[in-house]
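Next come two complexes built around chain A: one with chain B, the other with chain C.
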Partner chain A sequence: MSTVQGVLDRVTRVPGVRGALLVSAGDGLIVAEQLMDGVDGRAAAALTGSLVGRLTRTAQQAGLERPAFVHLRAEAGSVLAAPGPDDLVLVAVVAPDANVGLARLEMIDAAARLS
Partner chain B sequence: MSEDIRVLTARLADEPSSLAFLELAEALRRRGQLDAACKVARGGVSRYPGLADAHDLLARVLSDQGDLAGAFDAWSSALQLDPMRAGALKGIGFLYFRAGDVVAALDHLQRAAQADPDDASIPVAIARLRGEVRENGGRHEAPAPSPAPPAATPFEGIEGGEEGFLLVDGGGLRLGGMLRAPSGEDLGDRVAAQLAGVSREAARATRILGLGPWHSIAVESPNGQLILAAPTADTVLLTARDHGIPLARLGLLAERAARAARSWLERVG
Partner chain C sequence: MRALEPWVVEPLEVFLAESSARLTLLMTSSGQVVAQHGFSRSLDVMTAAALGAGIVASTEEIARLMGVTRFAGLVHHGERQSCMLSAFGTPRGRWIGLVVFGPETSVGIVQLFFEQMVAQLVSSAPREQAPPPTLAENFESELDASLKALFGRT
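Here is the complex of A and B:
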């Protein structure tokens, strides 16, 4: 199993995670994905890549370093993102009852291993 | 105890996590058992803080109890979760009317009419208020105490005051709050400019991914953390702190600040 597929496998094993993907933030394209049916990977990649880019600029303007984790919480679930090296972002789409705490730890660790 | 309330109470006891509290509290409210209705509705809000129905219900109960400030806050919470919720827009419009501010009441009712064109009561109320505006220039003798006058800043009484909060309009302009660099330089306007349109972008992302309305965005950096929330459909509130405060607690502080900002916006808007 490749490093990337191993990373996605770790994240999708967390209860409540509906899919994980590795995204190139600059152009919003999918590098690799492991998604349940019904999750639109291309949309998740494009939208999350753009949002993470904007939040990174916001954090920098606020005097903060590059974000290590982003959690977009919505009524029926969340989008989690852990920026990694080389403009890559590890993204997960999770259900409302997901173990977000565990997913966060796995994603931060996994994103660091992508280097 | 009537039969329907008995049945609903039993259902809620069997399944405390069910949504039966909505029917039960409404049934109690209709029967005038307002204290019991309030207790059930507050329990529901506590269990389902992201459910606009629960806040709307609590607001109706509080309004019936005469707690107009509490009703205002609860309807504001419902609108944060669902900005086009007709019941909450009508409720806040009613409170403004009670407070004597016919123009603000009219504005809310017009938004309610857009949200629910089938509700025939709204055009009737709008026509009546327009008559008031023509006759009295928008002022109406208030039969009840008005909500408190707007504070000078949105964050009065919130931990940290203005520092570390930034309320931004849809165009990226600062409405309130202050964000300082360690050197003392005010970063607020630059950060505000980055936040122009972020609420629309987040809403688009969660809608397309089938996740419904967005509630918050938490951003963790090695040297600090940010929470974004949308007090209203057109504004974004940024709360910034260092890692001295746990992220989940920062989320609670951000929620409180968003409620304060929403109330402030409703009053100054």
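Here is the complex of A and C:
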């Protein structure tokens, strides 16, 4: 199994995770994905890539380092993002009842392993 | 933003707001401009339309030679700005979109909202027959009228 598939497997094994993607943040395109039916991976990749890019620029303009983790909470679930090396972002789409704490730990660790 | 047909305006406005595209051109597959945003000179828009239609025709021929129906789109990545060219079907025939965008957005965002615009255009296009092709004797006056509509000249 490739490193990328291993990373996505780790994230999707967390209860409540509906899909995981590796996204190229600069162009908002999918590098790899493991998604349940009904999750629009292309939209998640494009919008999360844009969000992480803007948050990174905002943090840098404020004199902070790039975000280590982004949690966007909505009524029907959350989008989690962990920036990795080489402009890659590990993204997870999770249900409202997901174990977000465990997903966060797995994603930060998995994103670091991408280098 | 200027459009020759009013039903094109809303989908194009939504696309422009969501995608942050710098320039957008909608045209027929023969290069006749339907709507434009961001171009300031009629010469530029006519040139871009002609070149865009030519590129799409070339890539569709390459696709045919490769045994595939057609390519979904073509993206030129530039350092300061990029360009996406994509053909799509509408009830008014095959159209082409040419979008120029900068680093303030991404190709993923542009493609995502372009597809949404195409879906909106297809659903809002009037179902009656499109006007017949312009005859040669009317071509100059039709072209002049289109340019006035696209650039707001009186």
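Everything below uses one rule, namely that the second predicted complex is superposed on the first by the 115 of 115 C-alpha atoms of A that agree within 3 Å, B and C clash if a C-alpha of one lies under 4 Å from a C-alpha of the other, contacts with A are read in each partner's own complex, and residues count from 1 in each chain.
Heads up, the rule we're going with is that contacts are C-beta pairs under 8 Å (C-beta built on N, C-alpha and C of every residue); 3 or more make two chains touch, one makes a residue touch a chain.
A quick note: this is a predicted structure, and the numbers were derived from the prediction, not measured.
After superposition onto chain A, the partners chain B and chain C occupy separate space and fit alongside each other. In the superposition on chain A, contact is made by A:Thr58 with chain B only, not with chain C. Measured by the number of chain A residues touched, the leading partner among chain B and chain C is B. Looking at the shared chain after the overlay, A:Arg66 reaches chain B, while chain C stays out of its contact range. Of the two partner chains, chain B is the only one that A:Ala74 touches; chain C does not reach it. In the superposed model, A:Ala45 lies in contact with chain C only, and not with chain B.
The gap separating chain B from chain C at its narrowest, counted between C-alpha atoms of the superposed chains, is 8 angstrom. Looking at chain A, you'll find residues 43, 47, 50 touch chain B in one structure and chain C in the other.
Residues 38-40, 43-44, 47-48, 50-51, 54-55, 57-59, 61-79, 93 of chain A are the ones touching chain B in the complex.
Residue ranges of chain B in contact with chain A, taken from their complex: 50, 81, 179, 181-182, 187, 190-191, 193-195, 198, 201-202, 204-206, 208-224, 226, 238, 240.
Contact residues of chain A toward chain C in the complex are 26-29, 42-43, 45-47, 49-50, 53. Every residue of chain C that touches chain A in the complex is listed here, in rising order: 77, 105-109, 111-112.
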